[in-house]
């Protein structure tokens, strides 16, 4: 791709902007992954991951793969061919997980939900309650549906499963959630979390990052789906010594250490609060423009990505191409059912106020170029109202 | 300095944002600066510099120094102790050059001009006309006064010197001009241009970059100011072979090659037009906010930096500190006479529309936090009006 | 790991030293992997890969995985559960591939060969000849057994398969061969080549790089092994448009472009010749020391890794730890059957004469520290004899 | 310059190999050099420098320049036109400092010494003793003459000055000494040390690094040499606040922090001992080859650079070009009086045993190519004897 003058405005919902310190941590000469002291490099990474997943009993794993690889790892490690899984489909990524489960030979009980809505917790509870024989072996849940900007409450889902007193495993796609949204592996008794490096972990793509509960690892002992590359038993056994069953991407691991240090230094609650605050500014702007989010209700508004519905007559493809070629802006496009109907702003990872104001101002410029009807400046103004922290007592300024 | 979450918004008028390709070009292992083929690395750099200075007869030089070093190189190479120089002082940087000239033993005829105004060309012409004996050996001109955001027309200055038929050397401080504003070494018959790496050249600080005319190099033969490190005779003689009289910063030179390739690939006229267009957006915003620039007339509006006057009651220091600590924004501060009265937005170098909208949105946020009276969104809206390129025929979008 | 003073001497047989230009190519800001012009970035990479594999009819694939992932991709895409594969086992990596094939549900006909010997071509031919019913669906061949430093002749293997007139697919593990040793996908009618980024491709780990023949892709249409992440059908279909079915590691892809450009600029024959010349120097040194290679015959001497047998009484583990902690040297260790009995010197990738002399001198230092009996300097001297290019006519020096 | 396959062997006596951690520390986005918290970045650097210079009373300074700039800073800040300086000339770099002093208008009393010998301390003492009127204002001493590989004992020089009870300032060129050789600013009561970033400081070129005593700073108050860029008064006054009088190269400063941290972490005595040990290996090799050093006596053997005399009939230029073009080796060449007669191996900075063995093996290869008479392997063997640390009790290996 040819050079673009000035920095590009990358606001897709992943890969996200890599913090400079992480970028430099990755830019390493190659390491000896069987060095006698390699464990002193790897073990602290796993310790950090446990904290990020908020787990003491779970076991984090890191595969050289994309997040998609972890979907497969979750399914093939814990389930056997023909096992039934219960899943809601309400966007492109939940759709793809369903598709994978089918292709890998599982029986999928799929609850289709209108795109723009979240996990239908009552329906899940109902289905589990009716499954007296416990044929359902796992519930698959997409915490944050990146395609529609819909976040669901996994804690409520767990509560529903508890009410149904169902022993199914709870597998959560946290790809665009972990490291940004609240994600409590232990509190919610998640069995497998699936994530990847290029979202809240603020790294380039290349690491599938997951977490397995003791129950999930026990299931892996008897599950007989064919697997080898993604076999969690090999991985966990060797990880305990600080090594990997095959050559790991040490550069990304070095970056993962620094990135998770950053998350923990900021504090997970602060990270979540920051995402909420910045997402609020984006939503204020969308309202200011008189546009709608794809996410139909406030309880489903994602704090990591906003899918903004375009008005009739505005072609989403043209919108995105104009932004890209004219101004170097990258949005997420509408996928599948919503192709051409929306654009998505990713607001996760290493993000702050001025970056949010950049994409909002830039979006107004694109909207104006496209001839859309709105009051120029209205979105930015609303975002500023949302973000403003009056100096008032001037405490922070005075504090230096 | 502690890590700031997200990228910082660096909008000082230099150092500017280094393009990523330049940054990677700099990040080199050390080179052998006396290697037999070193000239194949250095000579193309000088060729590029000639094009950037728009000269065929001038000789570019690159010293390991800041731009300040080139001020000294210009003076000590071409003038002898006691020589008279004519200079206008209308901002902190023209002031500092005057100060240097005095400390280095030259007789300075200084025309003081109100800060916010540009080079008083008529007065210069008048002074030269009255100097029948040609006691004035050089005219020092600050093309772009970074402290006040005032650009002056060097072509007009040359015309005035011609009208006065005065043989003085024309020395131009182009530190925040070359590579961004129009700067025609040959057409304007400049004798010495002074510049540095960290502005329009889009590099880190560390290189003093200049250009000497044949007349200036001839003057250097007889001028007897004491000098050694900055002696242009040594430098030029050895440069012709592709080497340097002492160890050059090869990393920055590697970056200089890539940065000047970029400028030339874009085209100098396009670079100038881009700066004008983006600066126009900033000025539209300032007007939208109801604020004034320090530059008093449109003809002096700098396309590389805007100095924005703050209203009574708003402390510039507090403004800048709040922006820095709360949001990671770096503005230029008011210096000396205008300390605390303004903030400066640098808009030069590797800059595009979304970056401009970032700093404008961010500035509105700061203004609001500071309790300033303005219509939120007004500046951003005005800038967008200025920048909008309606898709219309949609040619560009269609063209991919 | 703590800092080691000076650069480490990384001479494991992968990950190899990443050329600085590749390293800088990788060190990119994140890219939009769904950008409208993304194909202009990816398609030239696939073109380069075809040249590196020396194929016009094969289809290269790049998975976010280690090379191990490609072993799985080869097997699960082209074979169905219960299919029989024929494979020789003569080192740790051929062993692991056998193990994987068994775990993935294939019937493995394994010919065990003494470690230090290569593919038993006559036995393969015999086995194929006897398989009148063509139950064997694939022959798995490890071109370069990294654990023992044994290279086998795949061209001869193909000739043997032809003599047996057997239709089995030919799957080749070229992980430590492609990009270093001769590897002719088309000429040898290979069906699947398995490789990875961290060896001859001179990149960090993180990419599984393979090539599938038309016959292999046809097999993939009907093979019904469960697979999804590594499904070559999805990958190839989407790759043709320049995109990927899930987020690719764009940084490594950017590096892959530069690395393959380097290989092609040097010329594949020149690359192979260079590896042969440098490996010859290592072997000359080993002979000078009076030591033996694990590879039992010259025809099996690998040009990418030499496994050097240690004499009785010298503990390989202590040897390797001393080298590592005292001098920052990384060797490959003896694995499994040869654990503690040898050390391995990787001599592949971005390597030249002075780097080879570094590891040879360093090895003599370690040998002396360990109290081994040998004439100090003998190995280095023999290597120098091997490498010396007398100035003689002085053509090269004169030519500058 | 075209790409060289594999890493180049850079063994010039500066620029030296930059440690990877330093390289990454330098590779920063641009910083705001007037940020409110900039002092928290700069002040610790000055603290580190004081420790590296082993001073509590001296004031370190860092100029954007090469080391040559600090020669000028030393002279023009502390001396007035016509002042007499006493200096010994015994190599190219002491010669250049003499030349500079003359050009800057000082009266130079120069003691010429055969190249290959060190500072003639008795003659200096004699000259000072005879200077009853204290016309000599400064003694200029090149601690390590890089051109000949000659180190002199500055402590002895100070003792001689004390014996002569002479008040002259002691100015020391420590460019290739500080950070590698013993250099005790306070103990030796040095008045100005001159150094640069690209030698023992393990950084790219671009920083002139020096240290001024209180006596030197007092002299600067009254010395009236014309100076501005290198005026130490401005620099020191502003440095105390954590800022610089003009834009500093913040990237290199960031690297300087990390590099000096490394030196201090290793310990200055350990750094010196390491250089001595590694230099000993080089000298052992030279003896093994039957060659002579330019440095005539052991007391003058430099631990940072060895200048190796070539035998009659071997052209130094051809030697160096062959090494460079054929193998990517960079040596220092013979300069001026010794041009073509020697080659120089730099062995300073971030260096360890395997790097020394690399250049020694590589040198044997070049020597053999050039047809020089020596026993191949003899130099490397002698170096190994020198460096060997028998495992013996095996304590270190056992300790991991």
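Chains here go by letter, A, B, C and D, matching the order in which they are written, and residues are numbered from 1 within each.
Everything below uses one rule, namely that a residue touches a chain if its C-beta (ideal position, glycine included) is under 8 Å from a C-beta of that chain, and two chains touch if they have at least 3 such contacts.
Predicted model only: the values in this text are computed from it and were never measured.
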item: Farthest chain relative to chain A (centres taken as mean CA coordinates); value: D
item: Chain pair with the higher count of C-beta pairs in contact (B-C, B-D); value: B-D
item: Centre distance in Å when chain B and chain C are each reduced to the mean of their C-alpha atoms; value: 53
item: Centroid spacing, where centroids are CA-atom means, of chain A and chain B in whole angstrom; value: 44
item: Inter-chain centre distance, chain B versus chain D - centres from mean C-alpha coordinates, in Å; value: 35
item: In chain A, residues with contacts to at least two other chains; value: 7, 17, 20, 27, 29, 36-37, 321, 325, 400
item: Complex contact set, residues of chain B against chain C; value: 20, 24-25, 27-29, 36-37, 400
item: Complex contacts: residues of chain B adjacent to chain A; value: 3-7, 9, 17, 19-21, 262, 265-266, 274, 318, 321-322, 325-329, 350-355, 357-362, 364-365, 368-371, 375-378, 380-385, 387-391, 394, 396-397, 400
item: Contact set on chain D toward chain B in their complex; value: 1, 7-8, 10, 12, 14-18, 23, 26-27, 29-38, 40-41, 64-69, 71-72, 76, 81, 100, 103-105, 196, 198, 204-206, 225-231, 245-252, 320-321, 324-325, 330, 332-333
